[in-house]
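My questions will all concern the structure given below.
Naming follows writing order (A, B, C, D, E and F), and every chain is counted from residue 1.
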Amino acid sequence: MFFHRQELQFTATPDKPDAIFARRMQEVLGGQYGEITVAMQYGFQAWNAHIPGKYRDLLYGIGAEEFGHVEMLAIMIAQLLEKAPVEQSEAAAASDPVLGAVMGGMDVQAAIVAGAGVRPVDSNGNPWQGSYITASGNMLADFTANANAEMQGRVQVARIYNMTDDHGVREMLSFLLARDTMHQNQWIRAAQELREAGVEDIPVPLNFPLSNEARDHSYKYINFSDGQAAAEGSWASGPTPDGKGEFTYLDGPDTSVPMPPPTQPDPRLYGTDAKPNLIDKAEGVIKDKLS
Amino acid sequence: MFFHRQELQFTATPDKPDAIFARRMQEVLGGQYGEITVAMQYGFQAWNAHIPGKYRDLLYGIGAEEFGHVEMLAIMIAQLLEKAPVEQSEAAAASDPVLGAVMGGMDVQAAIVAGAGVRPVDSNGNPWQGSYITASGNMLADFTANANAEMQGRVQVARIYNMTDDHGVREMLSFLLARDTMHQNQWIRAAQELREAGVEDIPVPLNFPLSNEARDHSYKYINFSDGQAAAEGSWASGPTPDGKGEFTYLDGPDTSVPMPPPTQPDPRLYGTDAKPNLIDKAEGVIKDKLS
Amino acid sequence: MFFHRQELQFTATPDKPDAIFARRMQEVLGGQYGEITVAMQYGFQAWNAHIPGKYRDLLYGIGAEEFGHVEMLAIMIAQLLEKAPVEQSEAAAASDPVLGAVMGGMDVQAAIVAGAGVRPVDSNGNPWQGSYITASGNMLADFTANANAEMQGRVQVARIYNMTDDHGVREMLSFLLARDTMHQNQWIRAAQELREAGVEDIPVPLNFPLSNEARDHSYKYINFSDGQAAAEGSWASGPTPDGKGEFTYLDGPDTSVPMPPPTQPDPRLYGTDAKPNLIDKAEGVIKDKLS
Amino acid sequence: MFFHRQELQFTATPDKPDAIFARRMQEVLGGQYGEITVAMQYGFQAWNAHIPGKYRDLLYGIGAEEFGHVEMLAIMIAQLLEKAPVEQSEAAAASDPVLGAVMGGMDVQAAIVAGAGVRPVDSNGNPWQGSYITASGNMLADFTANANAEMQGRVQVARIYNMTDDHGVREMLSFLLARDTMHQNQWIRAAQELREAGVEDIPVPLNFPLSNEARDHSYKYINFSDGQAAAEGSWASGPTPDGKGEFTYLDGPDTSVPMPPPTQPDPRLYGTDAKPNLIDKAEGVIKDKLS
Amino acid sequence: MFFHRQELQFTATPDKPDAIFARRMQEVLGGQYGEITVAMQYGFQAWNAHIPGKYRDLLYGIGAEEFGHVEMLAIMIAQLLEKAPVEQSEAAAASDPVLGAVMGGMDVQAAIVAGAGVRPVDSNGNPWQGSYITASGNMLADFTANANAEMQGRVQVARIYNMTDDHGVREMLSFLLARDTMHQNQWIRAAQELREAGVEDIPVPLNFPLSNEARDHSYKYINFSDGQAAAEGSWASGPTPDGKGEFTYLDGPDTSVPMPPPTQPDPRLYGTDAKPNLIDKAEGVIKDKLS
Amino acid sequence: MFFHRQELQFTATPDKPDAIFARRMQEVLGGQYGEITVAMQYGFQAWNAHIPGKYRDLLYGIGAEEFGHVEMLAIMIAQLLEKAPVEQSEAAAASDPVLGAVMGGMDVQAAIVAGAGVRPVDSNGNPWQGSYITASGNMLADFTANANAEMQGRVQVARIYNMTDDHGVREMLSFLLARDTMHQNQWIRAAQELREAGVEDIPVPLNFPLSNEARDHSYKYINFSDGQAAAEGSWASGPTPDGKGEFTYLDGPDTSVPMPPPTQPDPRLYGTDAKPNLIDKAEGVIKDKLS
């Protein structure tokens, strides 16, 4: 169960409205790596968890914080939009550079659809979608996804930090940046703890029998381009992070097989094939049955 | 530039057709973490790279391999579909349990749209989409995204491995599993090398001035749920992976601010507000201008 | 069957082109609550209707009108785009404020994709989609959906009315506003008639046996936030609109159950669980079968 | 801010796993009218509210309950999937009717992507999307949207109630049905209260000056089909619900204008027009400037 | 304007319900190349037409027919679903092969969402979307798109013809096949007429000055794969269909340029680059301005 | 297999950055008819081909070229974005017309998400999706789709050619225009060759027995609008392109059937029907079984 309190975790009031920046801020609310994504991602990972205890508690504990961040950003965006201009015709824009800039830079649906309101969309107006989240049931894979999400999120907040000089907005962003710092550290540490505890390990998934894998191909870097510098990387020689092999470098594939012959599906699927006369056109039956 | 050779990197021929398994295999071709995703992700990361040399060469070198895996899976799926049944009415299904199972389990669009062919979709028929990929220009964030993609991918291949006992299919999957093992190791190692070289570091992005961050909140685990076990994790005490702090644990938020007052946008956006009489309904103008 | 006449129901000619306003008008053509939505929604409701007679005739009668409104808006938008500028480089925009405003405010795909033409998209360029419509076969639910669609539609038209001062455009909008007024009244009245006739009633669906419902929980307002004012509403005490109960107010949930234990799916799905050694890694079989 | 408690509002444990029903239940979790939709819808309406007090408290109070319902359904679905079969080949399905039925009826991504887990998708695997919600800032329109959402939701729950005979599942559904009954009554009552209080009224939006509307067309039912029965409805004669007019019935449109002439955009958009020689093909300039 | 008549163009009544076939038929209603697509495509092409007369009349004349086909298919699908089973639990499916087949093969949302009704989706439940249509304003390109749509549509109808033996269904399909035959012929002929009349021609668009094109590369087949047989085609030698050149064949590219150097965007976008110390981390300003 | 070479087929370096034009160029990279579409379309058609030899080699040979064009455009876009402005607040835009124009005209996600990088999206930021491509297995239909794609693509490139005066950009566009000219000619010629060789023919698909088609309706133009000019076209009289009939012209449909009666699905789907008392509300069973 979730309980709501009519308070915010941190100050979220802009010095002044700014409909252009409101649109930019939609990215970190409703974009691929926005707050809706992490809130839902941690929720679904918790609901799909198979172990009680610290890992699941962690997911529940931070998931609810992220729903609060969704609200914090939503409240901020609504305030940034509060004075969004109503008269927005081409003629008005042409005579007023400020209005012209706002018209070009703001999300028109914020006005038309939401009445100067916030929406669950990104900075280009693409609706948030469930396919942004990851919750596979495998915790090492998922915590790596979480670390990535917090990294992408902090990069995006850092970028929009420089797109405003509003002190109120920047104060809230400085808080979100700090929380992203925490969450990057946290997921990296939690992923490490999973490996230290032997609960999960690379190559993920731990429990898939390596004997089912074509082990000859497990540690070879195979270069399919003509740049040579990748051979210098630590991924091209030396021990592998999973502790089970040594990297090697190949300048192109060392295996190949001929392309299998084209398929010959049932002629009644009416693809184009080399035997177009298989069907008796008067009768609609196959004259010469496929073997 | 890309050049094509009419060979495959590894054997990709099933022992027998299996339209049900063909659908499952679509997930690792056209799903969120399928081969199209990694091929396009590495391509866009290369095109957005800002440094010449080993990291970009790595992206080019593996990206082209993944386009070959797209082809390998596509060829396999087309063969699995080769004998997909054409008569699929309810009556036929009812009298033939095999047909009934196939009808329920196969992707109907494989027959109707592609004529027993492969399509750029996942196992539920959702089209592949550009929002599956990540290419932010920040390499540590992106390599972490890549490690995650290879983990999720290997988990999915491992899962479908158990959904078939076709030797030809399993042989190809054993190869893909091995390559996923390589790529997990590779991206983890490459991410580590970025940090060792000081090119990028956590908290990502390295270059954002920490003085702009509310550092008081950078290393606190704040529990917004009522489970207590997360306090036991290594993310709740001890040094942080970024080497710049110590984790602390809080059982709930230590800051809060009152909810800001509701917004009062221009009444001509016709939201519902407390002063519904601002507009002169005969004239259509605002009687009492907002300050 | 549908028959087309090369006339419009009302005048739809702008005084002058305005590519910026054309984009705004796309919202009420191809947006979530645009004319394509209501035309398709009434069509599908008619095709899914289970009763012949006045309700179905109503759906057919208004559905065809709405397809005409789709055309009316499409024709208007094409005219608004007629003089959309072709030279749109950054340099040109920088030196010409009018052009700069137009470039920022118009839909670039209107020029590149449609050659100054109209498209089935909303004001942010999101394609119209079938998931915007509602046609459940339950008429009271669907007529309520229709009332909502006409309300949202009229709000949006009212908003864009203030974004232009073109007399031709406003004249057409004044007509659409009048039709939305009619349709709001109509669906509200039709929903009421369904209830008066006993054909359908709240709680929708009428025919689901109330004895299958946990009636103890059917009329309680349960407050999961900390605001107290909702207790003052007529939804917190007094008789319920369905005539079958009395509202009560609870300041928080009066029931709760412990969270069920985490799931333990088949280990061959390779989720992370507390018993990672269930699989014999050499053999790939489950050693200790799940009960 | 949101706070999480590791309890559920009501019992949510199935008697036995049922992967087929799990898929059906995804509809009322992640579908157009599932619990994610109402939770997010009430949240965004609260954040976009312009009046403090009872209406906004109502949105906050019920929004948080709905997030708890998201969790309740998610936990239930994960349990229903707990024993989802792993071996799912065509051969296995053909020899085992139970397995064949499960393979056809379950969501394959629940196994492959989530490891027998729940996902933010509907019963066909379409990801939940932000365009399902409505939050316009106009409360009468939005509360009507809410009433519709609760009606559609209760219809869907009633339908899936008959698709299972699992007592545990039915017990939870009986609770959800009761809450939908409450919420239907609540939104209908709240919409009525808005009108009684004069805060908002039909035609929505109240504040748009009716003098801007083509009032001649505001109360006419215009029949664009050839069924005659709609003339018998209370929407074709008698007083209108907004109290401002009388319905009339027209058997076809009483207005029409000729189709405007086709547009003539800039020839450098290369549409096909009647004057294909406007451009000097050697020079690439327009010979005969458009007026 | 569109007018509706409560008749169908052709008989559309199945001999018996068949929920499995209903799902297949959704493809030709709401799929990429279904009837909704062609109806909307011809409509938007008409609204974007720049020439009055026969071409635009053709678009209007056939567009309205296609809207009638949408209705015909919708009515047929609703009838096929009329007896869709309600009890659909795993247990029921396991004991009844017919039910098991139906459950696996039917669209579950047809029951849960639409109450045995038709929906604007394809055979996998993907909603119809506006990006399926093409209306560029260039008639030769668009008529070619139309020819393709009618070809794909007829292939799909031919495929599903073999998936049923219901006489009523087949009768309607035989009519749709005939209309697709007409429309293929019609668009091919109309495209030819555009060229004969000199209104438009290949290479489309006619009016773009060929002097702006790098004519050296306009008629070369360049082989980027290692198959040699394409050299035998009539596209590799001989006159080109546009009458302006001769095809030639190249076994690989005859031009290449080095890859441009990586980009160096503003360091405050926090991408990873070779000069990570450009930003003064204490001050947040760029130390060494980019030139 | 695909192999990558770190060279481009043609020069792709702009004279100067132009973030506005970068957004326009995204259309021909990631739009419905952009380079990603044709690359993937030719790839999937090759993988679904049923005949070895010249047609499949053609698909492989050109498909790989198109992947190179994806790269060429991506590299160009990244360079156009290289100097995208970072400070983009409303205040800054208001005081600087150049910045205001750029803010309105550029894709904000290019900065926030990709750090001045290219993305797999169109010019409105809609992600590329798999449903853009066509690969039916029927080569005449698919080659017609290809001809259309190359026509739409060349129209779009021609349009954006006039939106820049950058010599470097125009040089690359002149090359793409030439390749589109080649590919239009090529697909038209290849489609013709399929027909000449009797491998496939119109009406597509060749092999569907015409005796299954309602031949009375195969060559009639039926006018569902009131324009008369379409009777003048060569599609209204004279021989049909398939060589099997004569066009005729009808001013309206010559067949019609009454609308079938509304459906009566199982009352436990809770649609609204004329017999609402079928269910015993106390017992939840159907009192009067449907026949």
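Here, a residue touches a chain if its C-beta (ideal position, glycine included) is under 8 Å from a C-beta of that chain, and two chains touch if they have at least 3 such contacts.
Chains and their UniProt names: A, B, C, D, E, F = Manganese catalase family protein.
These figures come from a predicted structure and were not determined experimentally.
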### Query
Among the remaining chains, which ones contact both chain A and chain F?
B, C, D, E
### Averaged-CA centre spacing for the pair chain E and chain A, given as whole angstrom
28
### Task
Please compute the C-alpha centroid of chain A, do the same for chain D, then give the distance between them in whole Å.
25
### Message
Based only on mean CA positions, could you tell me how far chain E sits from chain F in angstrom?
### Response
6
### Summary
Where chain A touches two or more other chains simultaneously, the residues are 1-9, 32, 48, 56, 60-61, 63-64, 68, 75, 78, 86, 97, 100-101, 103-105, 111, 113, 115-117, 121, 124-127, 129, 131, 136-138, 140, 155, 158-159, 162, 205, 208, 212, 224-225, 227, 253, 256, 263-265, 268-271
### Topology of the chain contact graph, where touching chains are joined (line, ring, star, complete, other)
complete
### Query
Given the complex with chain E, which residues does chain C contribute to the contact?
1-9, 30, 40, 43-44, 47-48, 60-61, 63-64, 67-68, 70-71, 74-75, 78, 113-121, 127-131, 133, 135-138
### Task
Could you pull out which chain D residues touch chain B in their complex?
1-6, 48-52, 56, 86-91, 93-94, 97, 99-101, 103-105, 107-109, 111-113, 115, 121, 124-127, 136-140, 194, 198-200, 205-212
### Query
So in the complex, which bits of chain D are touching chain F?
155, 158-159, 162, 268-270
### Task
Flag every residue of chain A that touches chain F in the complex, lowest number first.
18-21, 23-24, 27, 31-32, 97-98, 100-105, 122-126, 155-156, 159-160, 162-166, 224-227, 252-253, 256, 261-265, 267, 269-274, 276, 278-284
#### Entry: Touching residues (chain side chain F, partner chain E) in the complex
5-13, 32, 52-58, 60-65, 68, 75, 78-79, 81-86, 111, 115-117, 126, 129, 131-132, 134, 136, 138, 140-141, 144-145, 147-148, 151-152, 154-155, 158, 161, 170-171, 174-175, 177-182, 184-186, 188-190, 192-193, 202-205, 208, 212-225, 227-235, 240-242, 245, 247, 253, 255-260, 263-266, 268-271
